[in-house]
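Look for subunit A in each of the two complexes below; its partner is subunit B in the first and subunit C in the second.
Let's turn to the complex of A and B:
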C-alpha cells in the first residue's frame, strides 16, 4: 500500500467539514435508497450488539460493491470526514459505534459469495456475507468454514476479520486469522489494495496479519479469500456433569496435559446452566455445579481412541454423569444449551454484561475463586461460560437496571474481573475486541510506549485518524508527532477533542 | 381531510391506549439473531426493515419520536410472518409489539388518499364471505369469457395501478362450491366432537378444502359441527391494525361457536388459526368476552395439529407421487406447527415429501400484504416460486389460502405451474383412495 502524502493530510485538516457536500457526492455515486439521512432511520443504526453505547450517525451508506466502497471512502478523504464500517452489528464491544459527525458504511448489501474453489480449498466472499452461509455454500462439497462464533448465523465475515473472531472450535482450529488467505481492502485514502495472497505464504511483511483484528481502524474490507477445511470424518461430543467448576477445571487441564487437542472444550457453571435450561430445556445433568462439553473430531479410529480417554479423565476428576451424543440431533441439543447461554441469561436477569477475558488455563481455579469472592462481596451475581480449552472466560454479570446504583455496581464487578485476569497474566479481551467499550482498560494492559508503537502502525494506514476513530486506543495519536514518551497534556485533549482515559 | 384529534408530535409516536409495551421492547438485547430470518431484511439489507430495527423504531417512538411517515413505512413493510419470533433466543414477543403498533398507526396516522381508498376497499370485501361469494360469479365469467386474456394481451392490464394488477392476478380459479351440512357424523367410534371454523377466503374460493376437512375429521372419528353463516374471525383486520373491527368480528364468531358444545374448535387456515389462539389478548378489555375467549382459544387447534394429536385410525391408501410441503408462516412461526403436517403426510404410503429450500422465509402473501405492498410481495413470491420449482414436485401442499394464491401467481410469472392442495385434501384423497390425479387434475 502507499504511504499517505503529507499534502493529503494538511488538506484534510484545513477542509471545512462540508457534510452536505459529501452527502451530495454519495447521492451521485449510489442509488437513492442507499443513502440514509432520515433521522429516525439513522437512529436504528445508533448501536451494535452492545446497546449501552449509542451515537446516531450523520449519514448511513449501503454500498453494493467494492467500487462503491472505494468511491465512498475517497469522498470521505476528500471532505476530511470520519467513517465507521459496520457488518451485521452484532459486535459486543461497540466497535461499530457510529460518529455523530461521520459516515457509517454498512456492508449488509454486499453479500455475494463470489467463488467456491473446492480444488484449492478456498472461497471468495464479499464482506457482508454471513459466516454460516460460507459453510452452507461449501457443505455440498464436503467442506466448511472453521471460525464459528456463537453468532455465526448472523455475523458477517467482514466483521469476523475485523474482530479476529473465534468460536468454540478455535482451540483446535484457531481464530479467523488462521482462515483468511487474502483481503481486498479500501484504505482510508480511498485506494483499493490487496493484502496477503492466494498462495499459502507470501513474502514481505504480513500486512494482512496486521489488518485482521484491527477492528475497522485500518480500512474497509471489500473482499475476503477464506480457507475452507474438509469436514472431519468423525465427530464425537460428550456432556459431563461435575460437582463444581474446580473438578471440571481439573479435568480440562488433565485432558490437555495428556496431549489431546479436542475440537472444543466448553464449561458452564451452575447459574448459566440454570439460564440455558429455562431458555431451551437442554436437559443438562441435574444438580451439576459445572458441565463440560467436549468435542473431538478427525479420522474415525483416532477419535474413537481419544474419546474413551477423555471420558476416563472426566470420571477420574469427579464427573458423576457422562453423556455421549448418539447422533447429530443429540449433539445439536448439547450445543444448543451452550450456544444460547448469553441470550438465555436474559431469562434469569433483566440486564447483564457479557464480559470477555483471557487467563492462562492453569489459573482457572484461582480466578474462579476470585470471581465468586467478588460476587459475594458486592452481592452481584455472576454466571460463567468459558471456552475452557484456551482460557477464554465469558463471565455474565447480572443486574437489574431499574435498581438505583445497580449498573454502577455491575460495571465495577465487571471491571474488577478484568483486573483479576490481568493479575494472572491474561488479557482484557479474548474475541469480542476492544471497540469503544474496553478503551478504558487498554492502559491497564499496555504501557504508553506499547500503545504508541501500535498507533504508529495505524498512522501508516490512517494518518488523518478518520477510520473508526476513538476505538481501540485510549488517546488518539497525532501522526505527525515525534514518537516517544509524551510530556504534558495531549494536544487533542487540550483542544477538547478527546478524553484521556 | 380531517385531522386525527389525538395525534400530536410532542407525546411521541404512541398514545396511551394499548401502547407498545416498554417491557417487551426492553426484552430485546440487540443481538441481531433475527436479522437473517426476516424477509424484508433479506430483500433490502437495511436495519430499519429488520425486526431489531423495527423494535428500535418502537423504542424511539416510546422515547418521544413522532409517528412520522418513514416510521410508518417500516412498520407497514413488516409482513407479520413471525419468523423473527422463531429466531429470537431471548423470547421477545414481537407479535404483541407489532399488533399494538399497527393499531396505533391505524388510529393515529393519516394515510394518503389512494391508500385509504385501497384499504377501505379491501376491508369492505375480504372479511365478508358473502360479498366474496358474490364476487365469484363475475370473476368466473371474467376468467372464462376470455376477458382476462384480452386484458392481458391488450396491455391494458399493465396500465392498471400495481395494487389492482395484484388483485386481478391473485384471483384463484373459481370452483363450484358444495354446500356443507351443519353436522357431519363421525365414522366408526366417535372420539371427539369438533366445531369447524370455515373462514372467509377459504369458504368462498376454496370450498373443497372445507369439505375435505369435514370428511377427514369424520373418518378419524370426529363429529363435526359446522355453524352456518359464521362471518370472519378478524384475522385480516387484526393483522392490519384494525383493532376495533377485529374485536367486532371476534365477538361475532365467539357467539356463533360458543353455543355449540364441542371438545375442540378446528380451523384449516393458518392465518385464521393464529388469530383464534390470540382471542384472549384481543378481547382482554371486554369484561363480557374475556373469559369466554380464554376458554375458546384453549380448544382451538389447527386441523393438522388435532389430527396428529388424535392419532390416525382411518386407513391410508397409497398416493404415489412427489409433493413439496410449504410452511405457511402463521402455522410454522405463528403457531409453531411444523412437524404435525409433515408427520401426517409421511404416513401416506408411496408419497414422497420434499423440503423447499429456505422454506422458513415468507412467500410474501401475508394476509393482505400482497395487495398493500405489491412490489416487496412480488419479489418474495418470485424467490419462493424459484425454490418451489426447484423441488421438481408434482404437487405443492400448503395450509393457507393466501399462500397458494400467491405462489400460483408467482409460478405463472415464470411461465410455470404446479398443482396445489391443502394438507387435508391430500389426506382426504388417501383415505378415500381417489389417487393423486384427483388433486392435480382439477
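Let's turn to the complex of A and C:
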C-alpha cells in the first residue's frame, strides 16, 4: 500500500475526501459486522467518559487483529483520511473523541491475552484487553499488573498506554510508562513496528517512552508487552478519620517525611465522603472532615513495623478514628468509597466536572485553602478527592446544567483550579490526559516552542496530521520540509577550514 | 548563508558568551578521535542557548560534553567544530525535600546530587561509578546500575528536563511534579540520545528515601545454569530485592550472584538470613550475608577495554552467559562479565590487548547469542582501532530505524548535533 505523502495531504485539502471509497475498502478487508455506518449505532461512539464533547464519527471499524488494524490504517493513509483509536471509551479528557469526517478504530474485539510469561515476569496482551484481566491472568502465578486506575474493571490496556494511566498505587509503583516493555504499533502510514523490546534498554531512541502517554496521536497500539510484579508478601490498609483536610494533610506530610513510601495514600474531603456514603454506604467515620486511606505493602516484617508508625502519625495529627482492614473483604470496603467517588457525586449534584491537576504535595494546605476560597467566591461547590501522596488532585466541580450560566461558572472555577496548580509549579493533568478538553490550557504550562518541539515527534510519526488530530496540541505544527535544511558544501569546508580539523 | 571564517566564528561565540568562555580545542578535547576546533564553556541554560544560536548561525557541528567521562562512548562523530562544555554549568537549583524532588543543572556531578540528597536522608537512585560523571552525561548515555532493579532507570527517575535545541531555543518537557501527563514525555527521548537531539542543560528528578539498613546476599557458583537459577529464585521471592547483580571475573570460573535488600534495622538482617537460606537450598551452596556491598558492586568491568552492554530477556541470563563463555573460549579471550542480571542486563569487558579483528568477531558472536533471546549487544566504548571495525550499536530493525531517522531529522534538521554518534548511521 502506498505510503502517506504530502501529495495526499494537498489532495485531501482541495478535493473532497472519498469516504465512500474508503468504507468500501473496509468492507473488503473486514467482516460485515466489523464496519459500522448506521447512524443510530454510530451514536454509541460519539463520546468517551467526558460526555460534554460529542461528535458522531463517519464510520466505526472493529478490527479483530493487528493485521486488520494495519490494513485499516494503511487505507486511511491512502485516502488521506483521519482516524482516531478508541479502547473502552472511559477516558476523561475527550481523547477518543471521534471526527465527523474520520474513522474510529475501536479495539473492543482485540481482547486476547497472548502470553503470561512468569519466568520473564511479563504478559503480552492485545490493546482491547481490560486492565484488571491482566492481573486476573497473572494472579494464579503470584503476580499482578501494577497500574490500577479506578476504572480498571472497564478500561483497556491500550487506553492505559495512550494515557500513561496511573492509579492509587502509582505513588510507589509508578505509571503505565514504568510497566510497559514493548509495544507493537501501526504507524500512521500503515507500517507495523515494535518499539522497546523484551530486553531492557534496547539501542536507539526511546520511541516507546515518547509513545506512552501520547494519547493516540502517534499510531495505533496493537500489542503490548507489560511487566508483571511479584505480589507483595503482606498488605495492610487503614482508614483514618480527621476533623479536616488540614490535619489529614499534616499526617501525609509526616508519613512521607519519615521516609515511608506507602503503596497508596488517598484523601477525600467532607463533601466527597457524603457523596460516597449516599452512593455505596461505605461507612466512613461519622463527622469526618477528611478521611485518609493508607495502604502499605511489602515484606511482612517491614509492613508490620511501618504500619504501626503510620497509625501513630495519623493519631498524632488528630485522627479521631483509625480503622484497620482485618482482611481482603474489609480492605475492599475501605477502597469502595474511594473508587466510586467520581460516580458518587452524581448523588449530590446533577452535573459535575472531574478535574485532574497536580501540585507539589507540600503545597496541599495552601492549594486547598485557595480552592475553598474559589468555591466560596463563586458559590460553586467543589468536592475534593485526591491521590494525596503524589499531589494529584481530583476536585469535583458541582453544578446544575439546567440553571442558566451554571456550566460557565463551573468551568471557570475548574480552570482557575488549574491556574492555582500551575502557580505552585504543578501540572494541568496528572493522569486523565489533555485530549480535546485541555488543549486550551497547554499554553499556560508550556511555551509555543516547547509545544513545537513536542510536535516534532508527531511530525516524525504522523507528518500529515491524520492520527487523532486536534488532541493534545492547541495548534498543529506544519511538518512539511524541515526548515533551513542545509544543502551543498558545508560552510566551513567552503572556507577552507574543515580540512584543518 | 555567508561563508564563515574561523575568526568570524570565534568572534560570534565570544560575542555570545564572552571571550573567557571560548578557547581553541586541544588534544584532550578530541571526541572519538575527531578533533574539534573550539571549546565553549557555559555556566547556565541561557549561555548554552546563546552559544548554540551562534553555532547555528555559522553551521557548526556541536558535541555537548559534561565532565567527559563518557565522551568516548558511542560511535565517533563524523565531524565536530565545537565542543559545548557544560562542566561549569553545575549546581543543584532546588531540592524540595518534602516533595522528594531535585532540580539540578546538567553539569552537576552526580556525586554532588548524592550529597545534597543524602543530607535529607534521600537518594537519587542512579548508580554510576565514574567519579566525575555529571547529570547531563548520565541522561545522555542512559547508564544503568544496580539500584535500577527496584527504583527504575534514568528514564523512570527523570521527571522534567530543559533542553537547548540546535537552533538555540530553550525548551522544557515534563515539570517538577512526579505525576504529570501534560504533553509528550520528551525526557524519555533525550535519555540515551547521546547528544544527538538537543543540549540537556537542566534536569528534575524524583528521589527516594534512603533505607536505614542494607544487606547483600551472595552465593558463588560454578556454572551459568546454577547462576541463572539463583537469579530466578531471588527474583521470584517476596523478599523484594532492590538489586540483583552478577560478577564473573574470568571467561570461566566462579560466578557470584548477589542480591541487595533494604529496610529498617534488624528486620532487614533477618530477612537477608532468610533469603540466604532459601537461595542456598535452591542452588545447593551456602549463601553469605554481607554488611557491605562487594567491592565490584556497581562498577563497570571495563576501563580502557572494549566495554559492552548485553541485554536479554531476564530468564535467558544463563543461556547468554553460556554463549558468551563459549565464544570467548574459542578465541582464548578473557571475558569479564558483571551486571544487573535481575533485569537481563550484563556489562562485559574484552581486554584492551585483544586484536581488533578478534574483538569484532567476538562482538558479533555475543550479539548472536543475545539475539537468540530477544537481546542485543551494544559496544559502549572501545579502543579506536576496534571502533574502526565494529558498529558499536549493532543492527536496528528497518521500520524503527526509519522512525528514529525521521525523529533526528525533525529535531536536528541540519545534522549539526553529534552527527554520526548514534545508531544505524543516523547523522
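Going forward, the second predicted complex is superposed on the first by the 464 of 501 C-alpha atoms of A that agree within 3 Å, B and C clash if a C-alpha of one lies under 4 Å from a C-alpha of the other, contacts with A are read in each partner's own complex, and residues count from 1 in each chain.
Rule of thumb we're sticking to: a residue touches a chain if its C-beta (ideal position, glycine included) is under 8 Å from a C-beta of that chain, and two chains touch if they have at least 3 such contacts.
Quick caveat: nothing in here was measured; it's all calculated off a predicted structure.
Trainee: One more residue to check, A:289. First (subunit B), second (subunit C), both or neither?
Mentor: Neither subunit B nor subunit C is touched by A:289.
Trainee: Tell me which partner touches more residues of subunit A in the superposed arrangement, subunit B or subunit C.
Mentor: Of subunit B and subunit C, more residues of subunit A lie in contact with C.
Trainee: If you stack the two complexes on chain A, which partner ends up touching A:442: first (subunit B), second (subunit C), both, or neither?
Mentor: Second partner only.
Trainee: Have a look at where A:151 lands relative to subunit B and subunit C in the superposition and call it first, second, both or neither.
Mentor: A:151 contacts subunit B only, not subunit C.
Trainee: Can you list the residues on subunit C that touch subunit A in the complex?
Mentor: 1-6, 9, 34-37, 58-60, 79-81, 96, 98-101, 121, 142, 144, 152-153, 155-156, 163, 165, 167, 169-173, 175-189, 191-193, 197, 208-211, 232, 235-240, 263-264, 267, 270-271, 309, 311-315, 343-345, 370, 373-376, 378, 393-394, 396-397, 399-404, 406-411, 413-415, 422-424
Trainee: For a test of understanding, state which residues of subunit A touch subunit C in their complex under the given definition.
Mentor: Residue list for subunit A touching subunit C: 117-121, 142, 163-164, 166, 170, 174-175, 177-178, 187, 191-195, 197-210, 212-214, 230-233, 253, 256-257, 259-261, 298-299, 301-302, 305-306, 358-362, 387, 390-392, 425-434, 438, 442, 445-447, 449-454, 456-461, 472, 479, 482-486, 490-492, 494-495, 497-498, 500-501.
Trainee: Using the touch definition from the top, list the residues of subunit A that touch subunit B in their complex.
Mentor: 33, 36, 38, 40-41, 43-51, 62, 88-90, 106, 108-109, 111, 128, 130, 151, 153-155, 279-280, 340, 342-344, 346-347, 350
Trainee: Which stretch or stretches of subunit B touch subunit A in the complex?
Mentor: 26-27, 29-33, 35-36, 41, 44-48, 52-53, 56-57, 60, 65, 68, 70-71, 74, 89-91
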